[in-house]
Structure formats: structure tokens, C-alpha cells
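Once you scroll down, you'll see the structures, which are given as C-alpha cells.
One chain, subunit A, links the two complexes that follow: it is found with subunit B in the first and with subunit C in the second.
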Partner chain A sequence: MSSIDPTTTTIETEADSASAPPDVRHGVLRRTFRAKRAWIGAIALALITLWAFVGPLLAPYNATDSDVLAFGAAPGGGHWFGTNDIGQDVYAQTLVGLQKSIIIGLIAGPLATLIAGFVGAIAGYFGGVADRVIVWVIDLLLVIPSFFILVLVSPIFKQLSWVALVVLISVFSWMIMARVVRGQTMSLRERDFVKAARYMGVKPLTIIRRHIIPNVASLLIIDATLGVGAAIIFESTLSYFGFGIQVPDVSLGSLLASYSNAAVTRPWLFALPAATLIATVLATSLLGDAFRDAIDPTSGANRD
Partner chain B sequence: MAGFLLKRLLNYLALTSVATVLGYLLVSSTLDPIARFLGRNPPIPQASIDTTLSRLGVNPDTPLLARLGNWIVNLVTTGSLGTSTRGTEVTADIFARSGTSLRLLIIGTILGAIIGIAIGVWGAVRQYKAPDQITTYASFVVLATPVFVLAVLLMITATAINRTTDSQIFNFTGEYTPGLSGGFFTLLGDRIVHLLLPTISLTVFAVASYSRYQRSAMLDVMSADYIRTARSKGRTRGSAMIRHGVRVALIPMSTFFAYSFGLVLTGASVTELAFSWHGMGEYLITSIRNNDINAAAGTILFTSILVLISGTLADFLYAALDPRVRV
Partner chain C sequence: MTEPLLRVDDLHVTFGGQSQQVHAVRGVSYEVNRGEFLGIVGESGSGKSVSSTAVMGLLPSSAKVTGSIRYDGRELLDLDDKQLSRIRGSEIAMIFQDPLSALTPVYTIGQQIIEGLKLHDRSISNQAARARAVELLGVVGIPNPQRRVDSFPHEFSGGMRQRAMIAIAIANDPKLIIADEPTTALDVTIQAQILEVLQKAKEITGAAVVLITHDLGVVAGNADRVAVMYAGRIVEQAPVDQLFAAPAMPYTIGLLRSMPNMAAPREERLVPLEGRPPLLTQLPKGCPFADRCPAAFAACRGEEPALLPVAGDDGHVAACIRAEEIAAGRLRRPDIFPRPEEVEAVPVARVDSAPVVELRDVKRTFPVMKGTVFRRRIGTVKAVDGVSFSIGRGTTLGLVGESGSGKTTTILELMELAKAQHGSISINGVDTATLSQADRRKLRSEIQIVFQDPMASLDPRMSIQDIIAEPLTVTGAPKDEQVRKVARMLELVGLEPSFANRYPHQFSGGQRQRIGIARALIVEPKILVLDEPVSALDVSVQAGVLNLLEDLKARLGLSYLFVAHDLAVVRHIADDVAVMYLGRIVEYGPADLIFSDPRHPYTQALFSAVPVPDPQVERTRSRVLLQGDLPSPLDEITGCPFRSRCPLYKLLPEDRQRRCAEEDPAARTVHDREVRCHWAEEERFDVAV
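What follows is the complex of A and B.
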């Protein structure tokens, strides 16, 4: 989830939004939604989520029953996405997979951001040995690609539930954001309001919670939003190669894996669930990018 | 600057060693080398399983740290990474497979970087105009697509084209057609045909991410004071952009390129798997599926050495190109 790229997140120390009082933060929302793609992203995301959770109630077939009158049917009639070889409705299956993918994205993305926020803030605030150790651990975790590490540990979480997979995805995707937060914290530490709190004897962890985290909140919101889409892609790729979600659970990735062989002869089996996946990720990234433009003074609309 | 680079290199060396050791421990504790021998008919005697596992150095009866020690001693004294479960030398496997990965990836990576940088500059110069909007949204769509989805969609399209033209224009399984006989040009042509789809897939993703990076680096530079100075000196906008803009914006891109080029051999495992190329990424995945500890540990060592090389290279380029970094 290296969603925030290092070239655009060099926020200056004087960045106004970093110390924004509440009314200016409302300005952030207003500025975000001045961009058309923020509306597209937000509305699409809301509709897709609604569709995933309400859609199955309105669908004519459920995901597991076989329709003996339609084996391997093309889209049409009651089966909007067609059926598979044993007559199961692909539309209903897509919605079940979409539910799981959305839940995974919504947990794993923000969880990774949470880890990044606290680890980065602790490294930046305390400095010294703590900082060195944390930076070194971050570098170490970046040496081997996360995809490889997750494939390596997959024999472990295959026996556990999908929740273990979600946690592991977050555990291996917070590193780059933690670096950004660390840099921000190092400059915030020298600001007057943090110094004042320190001299008043406020405990370090309280300062981090009350003064540091709220001031990097905007960065964290961007990362969490973009992280949702990144986690969905990560999970679907793992599941596609059999290292992610295991039966009986279904996600869009494992659904696509089971239909990729039939894709050449009956493209809709693959293309329609794939389009659903792309639309979901695209909605989160449009929203996240609009947030970034509104918050980050060095990107997009705020440049002169 | 030499001191700075030396310090970075030592740091990378330490990271590589620790990552390899941790990787070996992780692989040894998650993979189950006995699984391959169980459930066979007729059953394999325990003694012969033990002999095989000991010969590979992966017998779980030996303490984990002793196995690690043997592996390291073996690596340092003979340069060997042990034997895979198929009886081949892991070092030889890695050399053969990294060659395959390199042949698969080199064109797509370079092509993607060049096109991506050009589109990024174009988008930044025409900010908010139609070309910028179109390329921005297109790259959003590409980056929202998982690699395997694009691979399968390309295969569907290629098959459809093959069928309608009733020919074999696209041939996309593996690196070459096994058993094909013919002259040098027949074989070369066969390889090029096999390269077509994976290269398109790699190029599309590289273009999408490079153009985003380059656009943002270029926009940073365009609002800088020295561009205004160049303009007020009398340079035209285009000339100021090229002489002072693009050249500066390329500095962060060159380190990005150095870094991603180092990771190229392992970075496209999904593409390799999707198009059935027997490269490094596929090697790691199959070794995990076969519970092959030596092969998986060797791949991790190889990956971390590549990170070491590309990281040092990126640092060196950054220090060499950007005078502000020289300390």
C-alpha cells in the first residue's frame, strides 16, 4: 500500500493545513469536493457498497443453488452475469465476493494506516535509539517484496480464517507511510504548541495522541482511503494464485481465479466480476486522490 | 560523497544479511519438507525419507539453528545454495531463471519508462487541459486494475483475434514453442511473438506509474524560481521547460528507475505466473508449493542482494546527479 508516493508528499513545515483549526479543516472537505472526481469516487463507492450488501436480497438467484435449466448460460434472462458450468448464478457470486473484498479493503487499509501513524509518530517524536531501530526495521521489511512474504507465510494463515489474512496484509503494508509520518513528526516536535505541552509536563504518549496524530490526520486520511483500494488489489492477487482467501470463503480474487480458465471461451465469466473489481478500486483511488489534492499543498490544485 | 556511499553500502549489507537469515528461518518453519513423501503408495520407508531430507539439509530432526549454520557455512565455503527437491543445484536454477526474467522484463521496463516520462511531462505542461485529463484518468483505470486481470483480458483479446483471422498471430504461453525446429530467424520470431503480450502488459503498468511520478515531479519543478529566472532572462517557455525543467525533474525519476530496474528480476512475478514464464518470481512460488526450502531460501537471498545493488545504485545516482545532496 505504498499509495502515497514520496515525490508528492514533501509537505513543508509551514503547511497551513498541518495546524489547521477545525473551521479550516471543513475547508479541506469543501476543497476536496470541489473536484469532480471526488464526487464521482464518493458516489460510486457508496453505490457499490450498497449494491454489494443490498443487491443479494433483490437478486433472483442465490450464489450456491444450481439452475438445472441453465448450465453455462450467457448473460440474459434471470442470470444477469450468466451462469457457470453447474448452473450457479455468477451475478450472485460476484456480489458475495464483492462483499468480502470490500470488507477486507475497509479493514486492511485503515489498519495499515493506524500502524503507520503510531510507529511513525513514535519514531519521529522520540528520535535517538527508538528512531534508528524503527527506521532499520522499516528498511528490513522493504528488502523482500510484501507479496513474497505473504506467499511465504500463506501455509500458516491458510489454516486460520480470512481475518488472519487481513491482519497480515496490513502488517506488511504500513512501512512507506510510517516514513512519511516520521518526517512530519520530526518537524512538528519543534513547533511551539508541542514544546509548550512538553514543558507543561504532558506525557509523551499523550502528546502524540493529542497533538501529533491530529496534525498528521490529513495525511493518514489520504493513506487510509488509497489503502482500501490497494488492499483489495493485494488480496485479489494473492487469492488469484491460491495464497489468499480459502474456500468456503469467496472474494473477487478467488472468484476470478476459478473463472480464468473459462475466460477464453466465455469471456463474461471473467470480465464482469473483473469490471466490478476495477470499478471498486477506481472509486477509492479517485476519492483518495481528490483528498490528496485538497490537503497536500505541493500537489494538484494548490499549486500556483 | 565516497564516505556517504560507503556508509549506505554497509547498511545495505547488514540489511541483506539479516533479511536472508530471517528469510531462511521463516521458510524453514512454514514449509513442510516431509509432506512430499507422505501419502504415497507404496509408502516410502521412514529411513529413506530421513536420508533424503538430511542430504538436502532440511531434516526437521536437526535443530533449526544447526541447519541455518550448515546452510551459511556451505554458502560461504563453496558458494552453493544447496540442492532443490528436484535434485538440481539452486545456484544454477537461479542463474537460468534470472536470465528468463531479464529477457521477459527488459523491453517492457525500458519502453514503459520512456513512454511514461514523455506522457508525464506532456500532462504537466498541459495541466488540466484535455491531454492531461485523459492520461490522468487512463492511468487511474490502469492502476486500479490488478496485473492478472489485465493479463487475462489480453489473452481473451488475443484469442479472439486469432480466431477471427484464423491464424496464430498471438502465442502467449511460455517463452517459446517447445520442439519448434527451424533456422535462427524462425526461432527468434517465435520468441518475439511470445514476448508480445507480456511486454504490452508490463509496459502499460510501467507507463501508468511513471507518468504519475513524472507529472508530479515536473509540476514541482515548474513552479520553482529558477524557471521564472530562465523565462525572465528571455528563454521561451518551451526552452526553459526542457533545459531547466525536464532535466531537473528527471533526477528523482532516475533513482526511481535504478531502484525498479534492480527489482525487475523479482518484481514481475505475477506477470510471469500469468503468462507461464519460468522466471524468478515463478521459481519462488513453485518452490513454496513444492515445500522446497533450499530453493525458496536461495530466492530470498537473491532478492535481497538485488535490493542491495539497486539501493546502492539509486543512492549513487542521486548523489551524482543532484548537487544539493552532496554533503
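What follows is the complex of A and C.
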């Protein structure tokens, strides 16, 4: 005999509910890739990344050596993107620059999201003084034009490596997301399962890690994906004006800067690296957009 | 009259596209005669609201509606929206469940009534319309209608908004009023008032009323005829007395037997109605109730039974192939749903009389601030104003009161395990104010909480295993021990241990509440705080969870603090009862004593407001109706706080009234319980209406 009154025992009648997706995130992934945009974005991004890192190994020239037989050559022959004034292969340079841009984007975008997630969750969960200080910092960073700050401090990090640039980009792009996470956390905080955890004696940081972050994870994933594209653009802008990546490093931005004066006379020097930049950012945006539509059914393409 | 006012014939409503069709309503037919009161009862998802929304022509365009709805000789399904609009509001009026979202917040109540009047009668002058609006508000019992007509909806309380909705509904003397769960969002005392107003509105206008509800008690006292819906169909329909006295469909029988009843003795166990309604996307062949029906046999699964007259009874129809047997008494009703046997209680040593929980004069106030730059205190909300009670080992204290009475604040104050703002809280004899951070964490395993909404209290991102094991992570129990304990807990609350790796959304409401109980019990607490644990569940599921709680209490020797607004449930489960009003306990003592002989006028009114699922009792018993709503907790009240609504106060001679107005009654022991009323010893005044 069962240990308990058999009449109070419920039996799951629907056997097929067991086959339902066990994880909500899993469902989001499936919905994301129902959109064609997501596939295009993901495949394009994968191809571009592969190209950036494998391409240089297969290319006939490297980025620094001069080809004395072809100064300022148009695309064709062995130089697929042409060469510059001193005979350097633009294709190889673009790939090296792309590598750096992708690495910066992939680190800076998610790093900003990470900061946003933690700072926002802490502000929203603890409230009070912590919240007020954090909101004050966020508002301050939002009203200060970040571009000028970066320009001002650029002499300092000119001596540092590109990693400093990554950190700086992240530091200036987490604020809006942090506010969103803070708002979400404040409403999650009042939910019964968070209250239940509190009354069990679970420590606040554990609650944030276990209950808050997973429940805003979808937002964070979107933000990280869209953030990659934004960081690449930001870095390129800075580098274009000479405040970003410093020689000997190259990125797409610094490449564009050095060839911008040739944009009219020898368009390939400018147009082909620019096209690569646009393709990369477009791919991340397509993927990020598809994520957002899958998670928030009221936004974008799913709305009717 | 030959032609009924409303005749719904073979109504089908389907939502969704080809891939996933939801058959919300499947062949519903009913009639409403002029001046009749029809009650439609069903659980959530039974299609009761959809079928009446179809009558109003208010379904979204994605719904496919077939069948026939004839109103007063006209076919409503053939009319276009413009023609329907002429009927809506003037001939058929609707009262919605949520009066806040049904009223436009940017217009005054008066403007909204006048809008309704002018839409259907262009010739009415502004003055006449306004005069009529004031008159209508008076009819539905809003005090000071002259002044209140210019109020905005947010200035009204929930009960007053629902009154205003009724005023709008009856503005054009409709012939038919459809009320969709008009009292579900309201407290029992307000519910009693609203039902009274609805009856009055019916008398004044002579309209027929269709009342849609999930509460059998509500229809028992009001309806002439009742239709029971299940899985998109009407499964039984009969005159109200007939339905309650001799139901012929097993679903109705089960529903009636699963309801806790204020009038029934407390020892009687509830009869659970197991399982859940079929999904409306894929209906099983045969009777949709067959899976949950103890009287089902092979023939039930073959073909869906038609709604056929039950022999010998006029106007009684039931959709069950065994209805004849049931009606004739060959299949006895109690045999279909037998009462489960009592689980033997673990003998609890009552000798150690030290209470496990004790609150002494606990107060909790919240400041009300105004201004953004210079914040200043403009008032104080006394959410809890001097509450004292104690819970003995193995007993249940029921904490009851209307919303806003401070029940939830009291238990949250208790669950913090911190120093109270005022007064003292002790658990197992230890004052919580003296605890260190580490002691507090240790004490948390002694007292656990189960929340009202079983969906909100389980993290949707976590598996059942992780949810139930969460309290164990605090003590850092090893993984394999967690898995073992979770399996045992699932079994204890009557769920399969194999459910551990599923997620909350895969379970029904009742099952989720069992999971919440399992989580609370895994650390083997001695005290369980239950915050309205069954109020979010359907009646049929409620009984199973209540029985489970009783079993667990008996087997594990638990003490419960049971917070509820449903007095029938409290009557069923509590040993002691504390009635709260405006942050204080007005009557506190043994449950049997208080339920049989309430001494405080508020307790009397509260009990009398609870509808009893028995039409005979409902018609004969006298009622104590409360006036108005709970006063704002911001008000400074001198004297007895209940004075403004007290039915007894109005009957008192002037000198005694003065005492109520000037002196705040202290808690005194009268007839073996604590009461806060100056006149509790008096033999009861006849305050009943």
C-alpha cells in the first residue's frame, strides 16, 4: 500500500506532455532558427570568422611585405583586393584587420552585457543605497559623451595594448542594458519564487545567480549578440579617427582611415574593407534581431 | 410565452488555424426565458465565458462561430457589428469580471453612464441624463450619488466599481443582463453586497440574468435554473433545487461533494475530483469526463453522450449514459465519489503546551511619503496594528479577513525572522530579535512557506528536482542525498518520483501546488505557513490539496498557519481561528466555538456572507450585510475601527453608541475566546436582515 491516501494521488494523464521541450531556452533557440534571417546571419558570421582566421594561411601574400612588381595595383592577378602605394596586399591586410575587429567585437560586446547584467541585477535586487549609487553612475555615464572621453584618454592607452581599448568600449556601452536589467530584477524580486528562496535562507548573490540572471538571460543574449556589431562599429569609428587601434596593430577601422584619401581614385582600397565591415556587422545584427523576435513575440516581424 | 428571450442552439466556437484548433465551445444549447435567472457553472477552461461572449458578439475575429443565437426572435449571428451595437447595451447588457479594466480611467463614472444612455437614446437632454445617472447610482447603493457621479473610477473601491458597472448595465432597462464572474475579484462581504444589488437590478428592470461563475455557492442562492459546463459543453441542466438535491451527471455530483461547506461538520473529509479537464485541442472520443469519472465503463469511451432529459424530472437534462441509473437510485451518488478515509494521526504529545509560534502585540507601519526633492511624511499606514496569537504543536490556526486586513503583512513579518518593528515574535520559544545571522539561517528550516499562486512561486527556468532541492542547497547537502530526498518528497505529496526532471509548465495548477508543498517540506520543518494555498485552484482540485495538507499534518505532526479568505476552507482545516480587521484581530479562539457562535459583529457578517452550496439553506437563512467597504488604512480612527460598517452599532441606543465612538475596545475574553467588542457578552442583537 502506498504511504499516502491513494485518493489524493494524482496521476499525470497526458503522456505526451513529457515530450514537450524541457527547457525554455531550447524553445527560444528553435523559434529563433525558424526565421530565415537567423540562418543567414549565423552562417554568414561563421563564414566570415572562418575566413578571417583561415584565409591568411591560404593567401599568397602576407600583410606587411611589399610586392615590388605591383605598386597601387587594381584587384586581379594574385592581389584579389589590389595593393596599396607601397605594394602591400590589401586582401591580407583586410583579413588581419578583420581578425582584430572580430576579436574586439566578440570580447567587448559580451563584456558590456556581463557588466550590465551584474550591475543591473545588484541595483534592482538590493535597492536602497546601492541602487541609488548605481543609477547615479549610469545616468552620469549616459550624459557624458563617451566619444570625447575616449578621445581625451586616448594618449594614455596609446601606450597600452588593444585590450585596454576593449575594456574602454565595454565600460561605455553597458548602461542602457543595465537599466533594463534593473527594472526586470525589481519586478522579479517581488515574484513568489524569489521570496520563497529568501525565506529558505538562500544568500542574495546565490539568488541573483540562480533566479534573477537565468530569468533575464534571454535579454542578455540579445544584448550580447547585438553588442558585438555595435562594438565593432564603435572600434572602427575610433580607429578611423586615430584614437583606437594603434600601429603595429591593424583593424578594419584603421585600415579604412589609411585608405580613405584614396576612396575616389582607387575605390577598391576603401570599398572592399568597408564591405567586409558592413557584412560582419549585418550578420551579427540579423542574428541578434532574430533572437529578439523569438524571445519577445510582440516585437518586429512576429507582430501582426 | 412560447418564444424564449434568448435561445442558443448548437453553438460552436473554434479558435486558431488548421494546425492547432481549440474547440472552446462544442454544441452548447440553452434558453433563457423572460425574467429568468440562469446560472452557468464551470471550471476554468470549460467554455462558459466564451459562449456568453459569443452572445454579445464580442469574440475576436479569429474565432469561428457556428450555430444559432436567437434573441427575441432575431438571429444575432446574422447581424453585422453595427446592428449588434444597437442591441448591445440597450437590450443585452454585460457585467465583466474585472471592474477596473471595464471602466475607462479617464472619464468620470457619471460620464460613462451618460455615454451609455445617450448612445441608445439621442433625444435625452444633458440634465435628464445626469439626473438619471445619479438615480442609477443610488439604486445600486452608492452613498452620496450626487457627489460620487463626478468621481473617477480610481476613486472607487472594487465593490463600488462593480456597482457602477451594474448601474451602466441597467441604464437602458435591458431585457437580458449577462454577468461574467461579477464577484470573483471581490471579497466575500462585498460579493454578498453585489449579488444583492444584482438581484435588485433584476427586480427593477425585470430583466433576465445569466450569471456565469465557478462558484456553486453563488448560484445556489440566486439562480432559478443552473447549467453545468464541462469541456465546452453543457453536461447538466436543471432547476436549482433539482440540481443540488438530485444531480444526475457524475461531474456535478463530484463538484458538489468536493466543495468545502460552511454548514457541514468539520470532521467530514472532502471528496477529491481527480485529474484535469481534457485539452480542448484534442478531445478524446467518447465522454470527455470519462477519464476522471469513477462510474465510467467501456461504453462511456465509445461515443459522446447527448444531453437527454432525465426521466421523471421536468426540465432536468444530463449528458451521461448512466443518468437514468443515478436518477433512479440504482447507482447511489455517494458510492460514485466515496469519502476518503481519515488518516490516523500520529499521537502528538499535547503535554508540552509551549507554542511553536507566538506573536505578541506585533505592529508594522509603513510611512506614506510625498514629494520628490523634499520627501515628507504625510501619513502612516498601520498594516498590522497589534497582533498577538500563538500556534501550538500540531495545530492549525486559520487567519481570515478581507483583503487589506493585514493578513499577508502579518505572515511576511513572521517569515522575515527578524526583529519586529514593535512587539515580539518567537519561534520554538526563541525570540527572533535575538538571533544572529547564522542562527536565523538555521531556524529557516523550522518554518517554511507555501504561496498562493503555484505558477509564480516556482522558477520556470528550473527543473522540479532543482526547485524542490533548493532549500537543501542552503545547508550544502550532497547531490545524491538531494536526489533521494526529492524523490521521497514527490511520493509524499502524491506525485510520481520520475517527474523530477520535468519543468513547472508541464504540470497542472494542483500538481504545481503539490510541488510547492514538497519544496516546503523537504527540510522537515515543524511549522508551515500557508498563504491562500488553494484560492488559485479550481474547486475540483482544491479538495485534493486540502486532503493532502490534512494528511501531512496528521502524519508529520506539523503546525499550520493557514491564511485564507475562503471561510469554508478555513472551517474545514483550522483548529483555531483568528479574524482580522484593519490590522488587528477582532476575534480569536477555537474554530468550532467561533463558527457555531460568533460574538463579534464583523465575524457574524463575514460568516453570513459566505454562500452555501445548498439552495434550501440559502433561501431560509438570515443575512448580516455589511455596509460599504474597508476604510482606508490611512485614516485616523478614534474609537472602534469597525464602527463605520458595524450592523450592531446602528441598532444600539445612543449612550452605547457613544462608547463605541470614543473608546477603542480592548481584547477581552468572552465565552472562551478573545473579542474586541464592547458588547460581546450581550445576547446577540438581531442584526440579521
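Observations on the structure shown:
Please note the rule applied: the second predicted complex is superposed on the first by the 277 of 304 C-alpha atoms of A that agree within 3 Å, B and C clash if a C-alpha of one lies under 4 Å from a C-alpha of the other, contacts with A are read in each partner's own complex, and residues count from 1 in each chain.
Heads up, the rule we're going with is that contacts are C-beta pairs under 8 Å (C-beta built on N, C-alpha and C of every residue); 3 or more make two chains touch, one makes a residue touch a chain.
Just so it is clear, the structure is predicted and the values come from calculations on it, not from any experiment.
By the document's definition of touching, neither partner reaches A:157: not subunit B, not subunit C. In the superposition on chain A, no contact is made by A:268 with either subunit B or subunit C. Annotation for subunit A, partner touching more residues between subunit B and subunit C: B. In the superposition on chain A, contact of A:147 is made with subunit B only, not with subunit C.
By the touch criterion defined above, A:215 lies against subunit C but remains apart from subunit B after alignment on the C-alpha atoms of chain A. In the superposition on chain A, contact is made by A:196 with subunit C only, not with subunit B. By the touch criterion stated above, A:289 is placed in contact with subunit B alone, subunit C being left untouched.
Subunit A uses residues 5, 7-8 to touch subunit B in one structure and subunit C in the other.
For subunit B in complex with subunit A, the touching residues are 11, 15-16, 18-19, 22-23, 26-27, 30-32, 140-141, 143-149, 152-153, 155-156, 159, 212-213, 216-217, 219-220, 223, 252, 256, 263, 266-267, 269-270, 273, 284-285, 288, 296, 299-300, 303-304, 307. Put simply, subunit C touches subunit A in their complex at residues 272, 274-276, 279, 291, 340-341, 343, 415, 440-441, 444-445, 448-449, 451-453, 456-463, 467, 470-471, 473-474, 491-492, 494-496, 499, 501-503, 505-506, 510-511, 514, 516, 519, 523, 544, 547-548, 551.
Of all the residues in subunit A, the ones that touch subunit B in their complex are 5, 7-8, 136, 139-140, 142-145, 147-149, 151-156, 229, 233, 236-237, 240-241, 253, 256, 260, 263-264, 267, 270-271, 274, 277-278, 281-282, 285-286, 289, 298-299, 303-304. Residues of subunit A that touch subunit C in their complex: 2-5, 7-14, 17-18, 20, 22-25, 191-193, 195-197, 199-202, 206, 210-211, 214-215, 217.
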